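Each of the two complexes below includes chain A, the first together with chain B, the second together with chain C.
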Partner chain A sequence: MKNYLRITHYALLAIGLALLFTAQRNQTALAQNPTPTDDEVNRIAHQLYCPVCENTPLDVCPTEACRQWRDLIRQQLSQGWTEDQIKQYFIDQYGVRVVGEPPRTGLNWLVYILPPAIILAGAILLFRALRAWTKPSTTAAAPRSKKEAPKDEYVARLEEELKKRK
Partner chain B sequence: MLAEIGYGILVVTFIVALYSVGAAIYGERKKSPAFVESARRAMLLTWPLISLSAATLIYLLVTNHFEVSFVYEVTSREMPTYLKVTAWWGGQAGSLVFWSWLMSAFASLVTLRKWDRDREFLPWVIVVTSITTAFFLGLVIFFENPFARYWQTFDGQVVASMFAPANATAFFPQDGRGLNPLLRHPGMIIHPPMLYLGFVSFVIPYAFAMAALITGRTDDRWIRLTRRWTLWAWLFLSFGLVLGGRWAYDVLGWGGYWGWDPVEIAAFMPWLTGTAFLHSVMIQEKRGLLKHWNMILIILTYALVIFGTFLTRSGVLSSVHAFAQSAIGPAFFAFIGATFITSIALVIYRWPELRGETEMKSMLSREALFLLNNLLFMSVLVICFWGVIFPLISELVTGQKVTVGPPFYERATAPLFATLMFLMGVAPLSAWGNSTLLTLGRALWKSALAALAVTGLLFFTYTKNAIALIGFFLIAFVLFVTLIEFWRATRARMNAQNENFFTALLTLVGRNRRRYGGYVIHMSMMLMAIGILGIEVFQIQTQGTLPLDGSLKLGEYSVKYESIAQFTGPDNRQVTRAVVGVYDQKGNYLGELHPRIDYYPDAQQNMTIPGERPTLRDDLYVLLVDWQPVSANGATFKIFVNPLVNWLWIGAIIFFFGILIAAWPERESEVVPARTKRVHQPSAAD
Partner chain C sequence: MTENINTAPHRGVPLWAQIIIWAFLVGLLAIVAIGLNRSQQGTVQPGDKIKDFSLPLFSGYELNGKSQFDLADHRGKVVVINFWASWCKPCEQEAANLENAWKLYEPSGEVVFLGVDYVDTEPEARAYLKKFGITFANGPDVGTKVSQLFRIKGVPETYFIDKDGVLRYVQIGPFVDKVDSQGNVVMDGVSQIQVIIDPLLK
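This part shows the complex of A and B:
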């Protein structure tokens, strides 16, 4: 039993050391991140929208504020931040408007649900209407034909002729 | 004094327009042709009156009357005269005068036509167009007055007002702020008038639709009378959109032409309903169906035209607060609401009379496919409208601002556009009245096979991207269908009439302008689709800071930074212009480009103008992002390669010719009785 405990202790120590070593290796790697290229900065900036100008992606916004935000992204990248962390930072700082689509939460679901629902309803409506129109109607046609019934013999003959031509 | 005269004329015009409405209604109700004629003349008077007021405004703009607030906001001493003239529509107040001027011009044109057969429509057309004109004049007079002057109050504050506040003296600024540099581009000078022409032209079919509903003359006469107006409206609106895209591409410096911005979408939405309407009216003309739907479509188009005008200039959708603070916001919404509800109420009132005269026989008939086309256009509209409105709703309900940007629109609309393209290939070959899978299959298989062959070729030589391949298949399919249609009919004519190819083709198109104009439009759309697909799927970009003689590689191009210079350009702008050499992969010199940054001191704003190398294969697009002013040794460039994008602009030019063909007057179209065409044999040949 004692041996088992000792083995477990050694194992835990080894795992701990390994984790520590890995973490240190990672930290060293992050600290030594080379200066990010413009393309790396722009790739993330493209997914963010200028918090000041309306509907302008951060990578192309010409304002001084946006230039500074791009520099901030560069700095964060050089410090080893991930893309998600950078995006989250901007969301925390400036709200969800900095991302190109509303996050799928709460009321925002309406953005994604309502248009397909309306389109689907339209499609069903159209399909049903088309089916109703293409079916040989007896009940629907009767009153209309009554309404459009020719008033005199000449008109009746004319209608007949026209039907034949069809 | 001039400002007072300009404003006074607008007030008089407003009263004249209102009189025109009143006289037309009174004349119609009392069956008094004299009053209707009086209304018509009153309406005809509005155009010269607004022209006079506009001339006054232009004079103030050109002669640097900065004491007028509008002149101060949109011009400066440095601006060239032509820009001062175009500044008329560069600001909100002036553009509302411009809208009214166009509206009265179009309304006058339409009332000058011969009304013999359609005299019953006249009073109501006058009512609708005059109400619209009066509404815009009212906005100008009561909310957005371009003639308001600056006054300095006794406590030193400067206020803009038409009349002098108590104890205030006139204030004369030395210089104006100048037109927004982004609006000084030729594209932007023509773009708003084109868009407005499109908007205003759509009011005419709407006015006739309302006249038809009110008078109960619900056959397709109103459609036949306004068919050409609708086509011109569509042409102007389409061209306005394309010019806007070109402007964005050349001026905004982000390597694209369309950013799904609410203002862009505002102009796109009436185009969607207008396009659906253009197709849908054909069903009513040919088959006597969809009368309700056509009414609803033109009502929607009118509402979206007013909505679009509102959004384009005011930018109120940026925030709920901006809307609440906007003076014209509530007025616009009240007008849109009132006209929409009244129009729909009229449709409901005439519902029984708007029933179809025949029935649909097949789900694959052309009318059924046109209906599907309408559903798709409406679906895109729903997505666009909701995407534009939702941020406002979110802010209103939760206080949270959200952005509905390109990723949402692109994902949601791409499948719909793809289906529309497919329909563009299938629908022209289906017959009015009846079509079966077999007849359609027979008509389509050759084109489908040829398109498959093209797609296969592209798979082995150009791309393995699935989306691109689907897109190219659809484009090739539609192009083959249309070209085969042209060829079949031309060959038939060559055989029957013993004509050579060109004579046969020209006669064919000349005698069936609407049909072949439509085909040309379809083909132009496909060329535009090539450009859109190219830039959306294959665009590549890079950015880097280069020392002098340093190079940046992208795709098959290498761009070498050669020099930079600063100088003062026309319009007093400070130009920083780089010279870059362009080389291909093998190091062959292809030419030089001049990306530049223009700084406008009056507006204190930069403009980034790209250097472009357009070819049919791609567009090399180089931006000067930044530079070190002291040493000029380093400059940052952003480079895009936009494959195939120039097909978009080529397609737009062909599109223009397509509409010209379709809209060119045909003598018989005005005199053919409405019913005679409906009794023909259903066939694909129509």
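This part shows the complex of A and C:
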């Protein structure tokens, strides 16, 4: 009887351990392969562009190529890839044109630096021009005495003619 | 009487700034012009010498045991380069014709067929190759470098390069059977390929 109880005890222990191990394995499997939602896929797809149609973000592109790409993103997410890793993969495979914004390297920096620089330069020029136009000239329209008047023969003749007409 | 005589010195943009602005504008226009010129260029034209390029090959689709295709290795042979993709329906129409043509020329060793898989995913590309029983060398156009070299406008496109590395013919669209108004086949797709390749072998 004692042996029977012992065997039963060990059997129950073994079953318990087996169940625990199986549950742990299933839990681990679930943690490694979560199914990415459409929102998670589209969040990355939105930053990529269809390679075969003009200016269409991947998340709204209806072509077969885009569907395949979205599936690939889903697969990569389920394998634990990060957003940056996925984007880099697409750049490596299909070129920089697949990303919405050019990578900040080399001549691409011009895209980021030039527009604000041009706007800034334009603003400075506009400011200077407006200041020059609105600032009253200290020399313009100043009354002059006869003595200060220039000895311009034409002006003198004009004034003389005007006097005669008065 | 008053006189509006402005004797203040002219306050414009300094000369150095003007030079910089004009140089910048000219540079910008030059960049735009180069970009426009490039975008308006079509594919490489017959008569153009094709630059050497390399293409990694899918495992199972190597050429002479090499996992990379190098155009320079095939001088003295006619090279047929077909751009395709698994999502491309017209490509499916010509897949069997290309394979049959390859089977015709493979024993001679004078012609090399190369499939360039354009912006595709590998599982779908492999499924496509398996579906159509393709056996000639195929590889992914990583970074679209090869398609940019040929300035392709879409898929399928097929380029025929002679033994000297000069492009001789460009096929835009698939090789499909030509039929007359009655629906009779005038020339099948394989024959069309042969008509292009055979003169290049002489």
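Of note:
The rule is short, and it goes like this: the second predicted complex is superposed on the first by the 106 of 166 C-alpha atoms of A that agree within 3 Å, B and C clash if a C-alpha of one lies under 4 Å from a C-alpha of the other, contacts with A are read in each partner's own complex, and residues count from 1 in each chain.
Note that in this section a contact is a pair of C-beta atoms (placed from the backbone, for glycine too) under 8 Å apart; a residue touches a chain by one contact, two chains touch by 3 or more.
All figures in this text were calculated on a predicted structure; none of them were measured in a lab.
By the touch criterion defined above, A:Val52 lies against chain C but remains apart from chain B after alignment on the C-alpha atoms of chain A.
In the superposition on chain A, A:Trp133 contacts chain B only, with no contact to chain C. When both complexes are overlaid on chain A, the residue A:Asn42 reaches chain B alone and has no touch with chain C.
In the superposed model, A:Ala65 lies in contact with chain C only, and not with chain B. When the shared chain is aligned, chain C comes close enough to touch A:Asp92, but chain B does not. Look at A:Ala123: by the touch rule set out above, it reaches chain B but stays clear of chain C. Touched residues of chain A, counted separately for chain B and chain C, are more numerous for B.
Common to the chain B and chain C contact sets on chain A are residues 95, 97, 137, 141, 144.
Partner chain A is touched in their complex by these residues of chain B: 252-255, 259-262, 315, 318, 355-356, 359-363, 368, 371-372, 375, 378-379, 382-383, 386-387, 390-391, 393-394, 397-398, 400-408, 412, 541-545, 606, 608, 636, 638, 679, 681. Taken together, the chain C residues at the contact with chain A in this complex read 1-8, 11, 13, 21, 85-87, 119-121, 124, 140, 142-145, 148, 154. In the complex of the two chains, the chain A residues touching chain B come out as 37-39, 42, 49, 54-57, 59-60, 62, 95-102, 106-108, 110-111, 114-115, 118-119, 122-123, 126, 130-131, 133-134, 137, 141, 144, 162, 165-166.
Of all residues in chain A, only 51-52, 63-65, 68-69, 71-72, 92-95, 97, 121, 125, 128, 132, 137-144, 149-150, 155, 159 touch chain C in the complex they form.
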